[in-house]
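A, B, C, D, E and F label the chains in the order they appear, each numbered from 1.
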Amino acid sequence: MASQFPSYKYFNLTFPHEYVAHVETNRPDKLNSYFEAMWLELRTIFKTLSDSPDVRAIVFSGAGDRAFTAGLDVKAASQGLLGPQDGKSTDPARVATQLRRHIDEFQDCVTSIERCEKPVIVAMHGIAYGLAIDLSVAADIRLCAKNTAFSVKEVDIGLAADIGTLTRLPKVVGNYGWVKEVALTARVFGAEEALKVGFVSGVYDTKQETVQKAVELAALMASKSPVAVQGTKELLNYSRDHSVKDGLRYTGVWNSAAVQAKDVSAAVLSGLEKRVPTFEKL
Amino acid sequence: MASQFPSYKYFNLTFPHEYVAHVETNRPDKLNSYFEAMWLELRTIFKTLSDSPDVRAIVFSGAGDRAFTAGLDVKAASQGLLGPQDGKSTDPARVATQLRRHIDEFQDCVTSIERCEKPVIVAMHGIAYGLAIDLSVAADIRLCAKNTAFSVKEVDIGLAADIGTLTRLPKVVGNYGWVKEVALTARVFGAEEALKVGFVSGVYDTKQETVQKAVELAALMASKSPVAVQGTKELLNYSRDHSVKDGLRYTGVWNSAAVQAKDVSAAVLSGLEKRVPTFEKL
Amino acid sequence: MASQFPSYKYFNLTFPHEYVAHVETNRPDKLNSYFEAMWLELRTIFKTLSDSPDVRAIVFSGAGDRAFTAGLDVKAASQGLLGPQDGKSTDPARVATQLRRHIDEFQDCVTSIERCEKPVIVAMHGIAYGLAIDLSVAADIRLCAKNTAFSVKEVDIGLAADIGTLTRLPKVVGNYGWVKEVALTARVFGAEEALKVGFVSGVYDTKQETVQKAVELAALMASKSPVAVQGTKELLNYSRDHSVKDGLRYTGVWNSAAVQAKDVSAAVLSGLEKRVPTFEKL
Amino acid sequence: MASQFPSYKYFNLTFPHEYVAHVETNRPDKLNSYFEAMWLELRTIFKTLSDSPDVRAIVFSGAGDRAFTAGLDVKAASQGLLGPQDGKSTDPARVATQLRRHIDEFQDCVTSIERCEKPVIVAMHGIAYGLAIDLSVAADIRLCAKNTAFSVKEVDIGLAADIGTLTRLPKVVGNYGWVKEVALTARVFGAEEALKVGFVSGVYDTKQETVQKAVELAALMASKSPVAVQGTKELLNYSRDHSVKDGLRYTGVWNSAAVQAKDVSAAVLSGLEKRVPTFEKL
Amino acid sequence: MASQFPSYKYFNLTFPHEYVAHVETNRPDKLNSYFEAMWLELRTIFKTLSDSPDVRAIVFSGAGDRAFTAGLDVKAASQGLLGPQDGKSTDPARVATQLRRHIDEFQDCVTSIERCEKPVIVAMHGIAYGLAIDLSVAADIRLCAKNTAFSVKEVDIGLAADIGTLTRLPKVVGNYGWVKEVALTARVFGAEEALKVGFVSGVYDTKQETVQKAVELAALMASKSPVAVQGTKELLNYSRDHSVKDGLRYTGVWNSAAVQAKDVSAAVLSGLEKRVPTFEKL
Amino acid sequence: MASQFPSYKYFNLTFPHEYVAHVETNRPDKLNSYFEAMWLELRTIFKTLSDSPDVRAIVFSGAGDRAFTAGLDVKAASQGLLGPQDGKSTDPARVATQLRRHIDEFQDCVTSIERCEKPVIVAMHGIAYGLAIDLSVAADIRLCAKNTAFSVKEVDIGLAADIGTLTRLPKVVGNYGWVKEVALTARVFGAEEALKVGFVSGVYDTKQETVQKAVELAALMASKSPVAVQGTKELLNYSRDHSVKDGLRYTGVWNSAAVQAKDVSAAVLSGLEKRVPTFEKL
């Protein structure tokens, strides 16, 4: 199946299971730290996977033993987002405009994970700082190895995190005091603490086991009706940002088409006949 | 007191304690599974209890040993929501309209639990699949027996849950990754896991003990000022769906009438005199 | 530094650490219970600290061994909010207007803690009833001593809590069933339960240790860039009340100015040189 | 067609044109003023018409020469909403609860016009005071005879209008200063002024002509695809209360089912063949 | 009555009619242009009038023949909002913080007109530039003399208007293209155009006549029940910013107390007896 | 300047004035009707113009004498959005998914006009049906020739308009009844009616004059500070979709950077010196 997909420069794309894609940040010698070309490519990949009828669930991890990602690359930090806008204006209002456009684009790349119509499971290990949090909270489910060291690192470099952590983390985790503490101090926290507050859903002994569990979970989701799975992701994300009243109404309209899928009878029938259903692509 | 209430066809209605009503789904031979006439009657009951000045708190459970409810009845699934709309249009847009109206009505019946002005405590046991989750998240507090087996079952029949689970569950439970996992996989989870993530507030050894604890909790609430209790339910539900700013404003307007209740002096005085206050009906 | 601040009548204001202010309710003989002049003064203090460039983080606690605060003073309850509006109208609509204005003002005083641009850490001990919850959920982080006894006490005096608890507590704690239970029953809960549900972030043996830990945490935050810390508080509070889409947009606009701070290069450089950065006041 | 509909006590229901229903308030000797049984019946009628596949557009007017409606009946005003709640509590908080429930029910009856899935055109004449405004702004289009005298009358009886005028009128009319003026003074305004500010869409010489124009307009709408017309009403009402972003998203989901209607090819084909299309019922 | 009010430095406060206050900007030699001390005092005045039971409606105008207000004083522009923050930081992020706090305070002063619980009628004449628009759209009703020259002037000094015009003007006027045109070009428009688009509700020959009409309108409002009038203002402002659903709910809660006013029976009775009702103060 | 821009296939791009771009739909032999490749290219053009520092305002019109645009091309209608999804699924749920993705993409292309940071003025003439309305309401200002014939045409082909008209038109025009009437009947309306309801801001004798006026208006905007103009567009669009409270806050944060522009002193100084200011590019 992989043959239909192009090769990517900064990411490995493999298919460890039917309908399951595995995206791996591939810059292990630099602790998988990111610069602009990488997040632009990441958006391209997630858009492609979102549209592909051959993909029903996605695992996202980082290559190498040391880091899911150490966050922004230092050079990127000093040249792109933060550094001198060479040849550009020094007028603070114009610098602000350049920065706002830059942040918008960066945010949009990270949001491509959330916008992806298929569920995304992040498998983390080692260093998971800064952008690691932004990326993982845009995904649906987070798993990690027990050696993972997390940090909302931005205040340590004089910044309020702006690529998604401050917006999404409080909606992922049900402990607002904890979110404020880790965001206001940038202190490192480990896998057990992440599990306890609900930031990750499972902790495993090694990176390999973590990725393996993520693939198994993705495979399980991929075995279900894609109409049901993709609808469920959409409706949960919609409900996060709307009132119950609005959520119910949107759900009713959404399902007025979705419930007409043949998947329903296929699922019910195969349930009665105790066999595995197959579903048309989506 | 029961004499003032009619008998219901699919539910038992009893009054185990002063001001406490107990609604029990009564179709144990079918695992308390639901069909349309049942949820229509459920709405009638909760509307009646909401309006009755003789009721201050409500317990909701299922008859028999095996299930709180196994969810939608198979026939309902194949005839009503999902099945052929016999004699009706086959035009996908018209089918969608019929389905949307059907879902709206179904949602409204489940929402009658939330709309009920008195607090509702759900006591669950045994099988609690699909609609069980929709019903319980529309209530205020959830308790369960340790043998309870929960599942957001809908993706297993090719559906995104549409009667409230996807809208309300993420606002009940503070672990969004966990919500996504159980909703996207339909896996069964038990009482301990439900307690850990905050879906239920207590786990008890048996169904009987669970219902007993629910009645005790309801009786405790029923002993408080009904103006205070009903206001608290309303303001908490309002706050869930609005900003802090809007919530404070609504609270101020609400209490500008409620604080004029005689309950305040009644409560303060009986506190000073160390006796149990009584409150006028509401 | 303290010399620049006036003395306050009902609160002690000290500076236990560079850039850290400590506000202490000082009415220990009355269990630090509040009346109107106190919350008006509290607002003045938090407005002053919010504006002062010499303050970067704040600890808030109560004097004496027995109580963080027992809530509203009985006299206040019977004279102000609840009591006869002597000389005033008895027309229920006019009484409602007076009450609404009174509640608005009271809410605004409590909200001054949330509006304060610097992070606020509450250190609680002993009795923490009623208003104690309203005050603490307007802060950013809550710590407590293991002897703390909490209660959302209002229903016990015939009231739905209206100074912030019902609006903010469900957004602080990720267990909605638990919030409903404690708000609808007014039952007392202890430090361990508060920790488990995420209402507090840490429990310590004594009041002294709790305050000490709060000061250390505040000092840690005060050592970071004030642009980053104050931005992080603002963006987290904004995100609580808005959709992810709106949150990201606001964040981008906010940071388009904030990222131009010299703090970024100061932080990055001192990180490389392994020394402690200093930041211009804000 | 009328044979399938029951007779109503306070309203005439006729069918002046294929697929067009005409609802007429029938209490001309009392200037079509309303009491509770009337608005309850009005809700029943609009629910029935909303569901009937034989109805595609609705005209709403008042019987007799003198008034569309003079608003609330004086007896209703003194006995129901406003008067002594005989046998009921005199506790201001309990009276408030009764009033709130009463207002909710009343609002819901008026909202049945907005909730009706078919477009509703109001044809007004003569006196159109108080409730006349509430009713007409819940409809889609307003026409009037040149003798119509309008008034947001409520402040003249010591009330802020609460059945919909203050909520919907500013969203109907694009002149907020004008809305405030007429609502804060209760002054009478005429047909020309109503036309100028966009409150009505057309002014006609007589009541008869006004009703006739309304029927013609309804007939024109009834000749279009009911999928298209009902979708258009729903999407316009949704957009009124949501951001453009949310409106576009909801529209896309709605039309993903609606566009599958056979009506599209039927309309396009009959357009090419220059004949009148017919559409399946809805 | 005036004796109970202090004198103000930059404004004349008179009482041209029972229950009617008249606030007049009093800096005619400088075309009533504003600097910071003025808008701070304006907030004080409107807070005082809002709270005073002796005031039921307010007229706001400018002294002298030449201008309602020419907007910001040039010195204010060059020293306060816009000029060098002398002795203050030059760090763009810190300058941004100072500016944001300054704008917040300025906005809050203008918003005091909207927050005032009594209706405010603005009477304009002559030059009405920049801040004139911000001030007038925070009021309820706008009248003007035919010589009035309006301009959303800010783009002409390199600014997007930030004290309320861009937020409120589109909600006051029902012609969004017109709003964009005048805000993006800063072109001057006259009284007739202002009337046509609904920005003002009436145009009069002279300033004197305009003020006279404003006083008459205020007197008319002041003759109505203050419970009804103040509720109407509140509910109209609330509805502007909320969905119909939320607006109806808030209205129901608001009126559950307000409808208990004695004003209702007073108004109805005096109506029957054809005499002028009197209402208790509020 | 044009040399820096590529040629486009379906549009003419010219620069009739310094900083003013003119985009012209160039398919006059087909009445400028649109198919998919065209709206994709339109998005590319508006993205390019939005980013170009050489463009400050944009005019958008249609080539030829007969039509601004007649809307969707018939072939597009029958093959793309509406027609058989050849080789694709016939499952109604899967068709719905394809349609939803298609509509999303189409909407996003039209929204590129709104998202463009520079003001866009539409100059219309002749036939302006269907998509013509969707396109024009995404722009800032609408002008038209007196021969223009408008129609919200979609119900005539069995559709509820879904590319923006139903969402944006009611927010552009202050006459909701009129919007409903034209959207529910698809009737053609002319230039004078469009002017009267505020849909267009000006009507001119010929297409040439209309375009000329649009260019003049664009040139006027282009002569102002681009920081001020682009901020004004952003803040007006933001305010349309948010409460006044949120709008003021966003405005304050936005201007905290924008006010630091050198444009302010440049504008003020050149005003004093009575010469034309020049502003740095943006």
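The criterion applied here is as follows: a contact is a pair of C-beta atoms (placed from the backbone, for glycine too) under 8 Å apart; a residue touches a chain by one contact, two chains touch by 3 or more.
All figures in this text were calculated on a predicted structure; none of them were measured in a lab.
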Per the C-alpha fit, the turn needed to bring chain B onto chain D (nearest 5 degrees) is 180
Per the C-alpha centroid definition, the whole-Å distance linking chain D and chain F comes out as 33
Where chain A and chain D are represented by their mean Cα positions, the distance between them in whole Å = 47
So how far apart, in whole Å, are chain C and chain E when each is placed at the average of its C-alpha atoms?
-> 34
Could you list the positions in chain C whose residues touch two or more of the other chains?
-> 92, 95-97, 171, 173-175, 198, 227, 240, 242, 245, 253-254, 256-261, 263
Which of line, ring, star, complete or other matches the graph of chains that touch?
-> complete
Which of the residues in chain A come into contact with chain C in the complex?
-> 74, 77-78, 81-82, 92, 95-97, 99-100, 103-104, 107, 111, 114, 154-162, 164, 166-168, 170-171, 173-181, 183-187, 197-198, 240-242
Of chain E, residues touching chain C in the complex | 51, 89, 91-94, 96-97, 101, 227, 230, 257-263, 280-282
Which residues of chain B touch chain E in their complex?
-> 242, 246, 250, 253-254, 256-257, 260
Residues on chain B engaged by chain F in the complex (per definition of touch) = 92, 95-96, 245
Touching chain F in the complex, chain D uses residues 119, 140-142, 171-175, 198-201, 217, 220-221, 224-225, 227-229, 231-236, 239-240, 243-245, 247-248, 251-261, 263-268, 271, 277, 279
